[in-house]
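Questions regarding the structure given below will be posed in turn.
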């Protein structure tokens, strides 16, 4: 079976958010925070500030934070002591500037800016109803649904309108909002996506991850709770919990791959967790070998944990080219067959004649894994054993992660033995679901009430997939009609 | 003493070169080779190809290889089965396109393209003589001196003219040249800068490092010898050795920092060498500690060697932000004091309460080291011991490496104890010069005939610094005159 | 009295529109039509096409038509046999891409694109009401009011919704609209702005002026009537006249300056009219002189008419620099005092020692006139007599023309004698209002029911200035409150 | 016979030059002067200034003067009280920045900048000799030959080296040069290309035409004489006349088309001359008609002269679109057949039913004329009589004018009757050569010693075409060899 070609075969976090209240360099801090959150979205970024006169200022661009906000003139055009910012990962065709967040709108009550990490599962249904009502959509983002719901709400305060809107949407979201009286942070009732609160002198910071607090020198205060709305204004911070049912179903993949290793999520350091996952993986699927080699960079901590637990030396058998960044060599035929080598190269001195354990965080389509195994063999490896620090990804994510359709997921159609053959490895093993929960400090997975959202491994979708059902229904109505 | 600020406190390799003879995708291979050599120069790149009709084609640009040559149209404009390419690292003010290599000139005998890695130490003296003779210089690069010397040579063949030119220049150089009959590679009589030969099907490849052979799938044949000129044409490859005195004084810093870890230089794998240096360093300067933490990414192999030798756990206590690349946040005052944090962040989970051994490859001005130590302490480290995998860099390099003036080198003005205090470390140690030679498989340094160029540690300059002496002389003549 | 500096001292037409129905090269024809209408707006242009599958395609840009649509790839991205286009003249600060027309919106009934030439006089009042209702505005153009009114209309057909919207707006407008069933053209009840209908093979064309029909080879059919809506679809063309009261008050300044000389407006060739105005001006304000010199290019036909009528030779005493275009030499002090000379230069051979009659179309602020007179004197003219082919412009226009505030109009504050002194002319005369009407074939101005909109000369505003009144009222309410 | 397509069917002046000595705003004046000379070259411009410290500053760009020098920062980067500038018209493929003048070189004696209007007829021969000698050429312009000749001259002063160089070149040239002691102007021994001297306060100005003196407010002093070199320094101005044989053969086409109408050349105002040519043309080739219509803009003065002399009314029957500028609609098939209409449109009100005399300045390939005639007929003209204010252009120019190869000149292959048929005119007439000389105040053409260079009409080339002969000879040698 020929595998499709893909340079980058990973799930992708779709966004990062950041907010500051009461700091004279609000825009600069936001730029730094977005820079620290760059791994959560590299296609576009935006910042909206609010100045002392109550005026909003905005700058958005396509590209990396440092390029968009690296110009002193740009920073000077963003005065004010409050700001929110947003990094965006965009799927094909939708990198238009009008989709770059934060979204901003002039309402009857004044301006409001909103930045949103996550994905709504009933955005399509809501959007059709809004258009019927006469609302004009300008972007193709889910997030604009929030803005229209706020605009047409009959409540009078900003906060009540926001709650009114949140109660109508379904999905996973962490959002930051800024209006002339307050900075607001909110997390969906299951707390699927992260959002943390920090303190910086007498001001406040909201961010997707703690690494963004660290870069601006803010102290971590706490995670925003599932279903919690925090309102930060000059009188301080207060918490609103408008949802009757909340429980914690934090995204387990943040630990495996999305979050930066130096972040602390829901009380647990990501780096430590990854090493523990590696150790657990070693216990579950030991194999006799000479070296443990990570697939850089995301596989490194798990490989270290694996190596220590197994006693097999950890070696850098694959070198990553740091200058790939946004660079892009167009896939002429000559170059295409050289495949993954633009990003990685084999370190022959480490691999030649060795039995190699390769540690990676996940297998999505399998294309990269296949090339990595091939490259390692070409460099002279005697055996290649692939070990994966997540369970098989058998289902798509609809909660803010860019994943291929289910049919493109290798694990959705093949068992582990077939997958090993397809990627060309001598052996392949994934960590078990219970092993993953154990590495996270749980006794195992409680299938009645799982501690995390693990839908990509289990298909157990905790938030209804309304649009998907609606589409299926429309199609079946159509099929009936045409029958 | 306040240290000057600098984001990047390293010596910098100034160039990488690549050449192909007889391959239908010569330009694409050269782009790939330059991509693999990107660490040797990130400011600009150029490719010159030679097509079947004897016509030369050229494309140059400022930026990364992938950006300059990522466009299929650009690649289509570079037909031909022979090519040379060049990556450039440029110091301030000189990133003009006219300085980007390969340089190309129309001579009486036809076109010639030249790419040059290294630095001439008598370029100023030669240039003044050439201008007096009526030569018009177009760039400010040393390399143009080669071109004029070839142009005015009285010899009739290209090769004889090139030898005539090489005999007049002093300095360190590895160069590739292309004219309508041949691809030529040359290395200075001491072989200070690297140049390797590879075989690709029935064609040939020249490159600064073996990692560039790997990316195009070429087999390593051998290093070009010090003082050797290889001429590759359709009748095969032949070697010319025009210099009576040659000996090997290969740049020792290539092993420490410049070369990519997966390259093999002068028969020795760079990655292994760096681990051996780390182990030697551990033996020489052991200290009681909880974790060994590399300063990423260049310090990683030495830290691994150090950790294994010392038995102290290797941990990723510093995380590198991969999205810095060329991005640049302009140094507003707000951001400047946050310093090195744009590139690195501390992993508190690893550092808090620990006695930390930090391993880095070198200390140049000391600015980065100071910030790293500070950052590690702020993350809660109990002790910080800095270990450096090179001897103190007390002298500037004039052989193709961008180094600060001697007065800016921390080790030129301070002993190790003072340096420890300046960077804020609890202890500081460098590998000894003999230890470094031992890690490279020598019994130690033979001061009568050192196996490597180590002038940056010793001030033992094997190639005369003619321009520098000439400048000094002119100044003193002037001083006499004005006295 | 020092006059303010201004390079361009004219009233400016704010927009041009164009539409095609049923022609395989709809986008190319629209680009050509917009090119011919470039004089009606040079800041930005846009085209929306509708393809056979019912999909809309759009491309907009800042700059000249030829630059925005000069690329074959752009044209290839605009398939379809129906299209509308728009040229925009923008006042300061509002050249953002989001303001470039045609505006496009997805409604419940499908997509609709609208291009609008003119200005609404109650846009502010309507916009406030729409925002209160929950509508989110994306641009700062009047034209978006149309779109929201259509979106929220309770009528079910596109045409009824459009009529519903038109009945709520006040102002001057000619608009073209495209939805998946039809191309629509509409003109306000007084027909202030032009709109013509043309026939091209079996397709139809709508355009602001006949010169845009000529360039695409379309035959002129007729002017759209004041208050008329034409609906062009595959069954042909039909006319809807939803307004009970309509009368013709076509903008008289179109004849004087805005329209291209080769256009025919309301049955009258513009070029002929301008010559007749010049002849009438000569009869009204004869003066003894040696040469009649036009201020190029707009003054040329009137000057020709003046010269023939007076028997004084017509000479090109002022040369226009054709390369000014969008070029712009920043007003350093050195250059600023050289003033108008960037665009014009005096032809000394014609002017030296002569009594000169200068003919121009209007005096707005007087800045250009002052410089022109000065330049002509410096070239040696013995006398300079300025003759203007319009009456004094004493009032601002609110119907789609960019004019200065009334206080900046020279004629609003000075009588003719003072104006002559201010611009430095030996004599100055304007055509009379009745003389202007006579040149247009009327017996004179019927003040009870003027045949044209001449508010800029008379202050007789035929369409209510609702926003202006509303602003005045709000201010006075505020003043009362604060009293 | 199908005619090839061409949007612009004119001869083109290849360059304009400007220089200033002793004025604090030297760069700004030069930008203005180049702006006034924009008609002599629109592809690229450059300015070199010399500051008080003896340093040179340079800025060059592709595009219009206003775009290249419109930025205050650019102007601020060009300090100094002396400057030279150059406008370039470039033929295909050679708009590279390295070809933009002024050329600048560092010589043994210091820097020298040179700007050159004209063309060398032995540049190829000289260039080959220089390359044989070891000179490296960087541009593909003739002008670089000057620079190398100066560089290798054995004379010691700049002026002697320049004279040495000028004595070796053949061709037509007017040049300005700047070195640290002086501003230099020079004209070839026949004075084919223009160069004038002006006085501005206590400084001096050199320019290709007087219109560039006018824009900066300089007073015209005199034309530089054929073969004269003027040296302007702080001690004043002096004249050197190194050539033994000089006579005046000024380019007659400057009067017909190249020069701006407000310039005065060799004592004769261009505008007056063009009207006199039109009058002479009317006398020579009268025809019964209703209107005289110029092909704008270059045909206007001749048409005015024709109209006055013939008593037939002058009318603007063709309107020029002022927004074509650099705009460019790519020739898709749809648009290509609309041909010349992008630049011109017919004014039907003037043309319909009329017998039309069209006046243009020249016919080169005939493509534009054909389209203009066709357009005028389509607008309803009853008859179209074409009158041309130059004799038939039967020969190419090698003296600094961009002309097609001889074989592409319509008049080189067809007599007037055939040409009339090819362009579709009812009649066609050119002014006679003697008539042209009469209009210029001569009794007629003295074939023994013509007062002007008229080679394009006569093939009488006053300067040897050395390169052309050399090429022919090389070809024939080759042919012999291969025979």
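Going in written order, the chains are labelled A, B, C and D, and every chain counts its residues from 1.
The definition used in the following text is that a residue touches a chain if its C-beta (ideal position, glycine included) is under 8 Å from a C-beta of that chain, and two chains touch if they have at least 3 such contacts.
Given the structure is predicted, the values throughout are model-derived calculations rather than measurements.
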Most distant chain from chain C, judged by the mean position of its C-alpha atoms: B
Computed distance of Cα centres, chain C from chain A, in Å: 51
Computed distance of Cα centres, chain C from chain B, in Å: 63
Where chain C and chain D are represented by their mean Cα positions, the distance between them in whole Å: 37
Residue numbers of chain C (touch at least two other chains): none
Overall pattern in which the protein chains touch one another (line/ring/star/complete/other): ring
Pairs of chains found to touch, sorted by chain label: A-B, A-C, B-D, C-D
Sites on chain D touched by chain C in the complex: 25, 28-29, 31-32, 35-36, 38-39, 42, 64-67, 69-72, 75, 211, 214-217, 260-262, 264, 269, 271-272, 297, 300-301, 304, 308, 313-316, 319, 321-330, 332, 334-335, 338, 341-342, 345-350
Chain C residues within the chain A interface of the complex: 98, 105-108, 131-132, 134-138, 147-148, 151-153
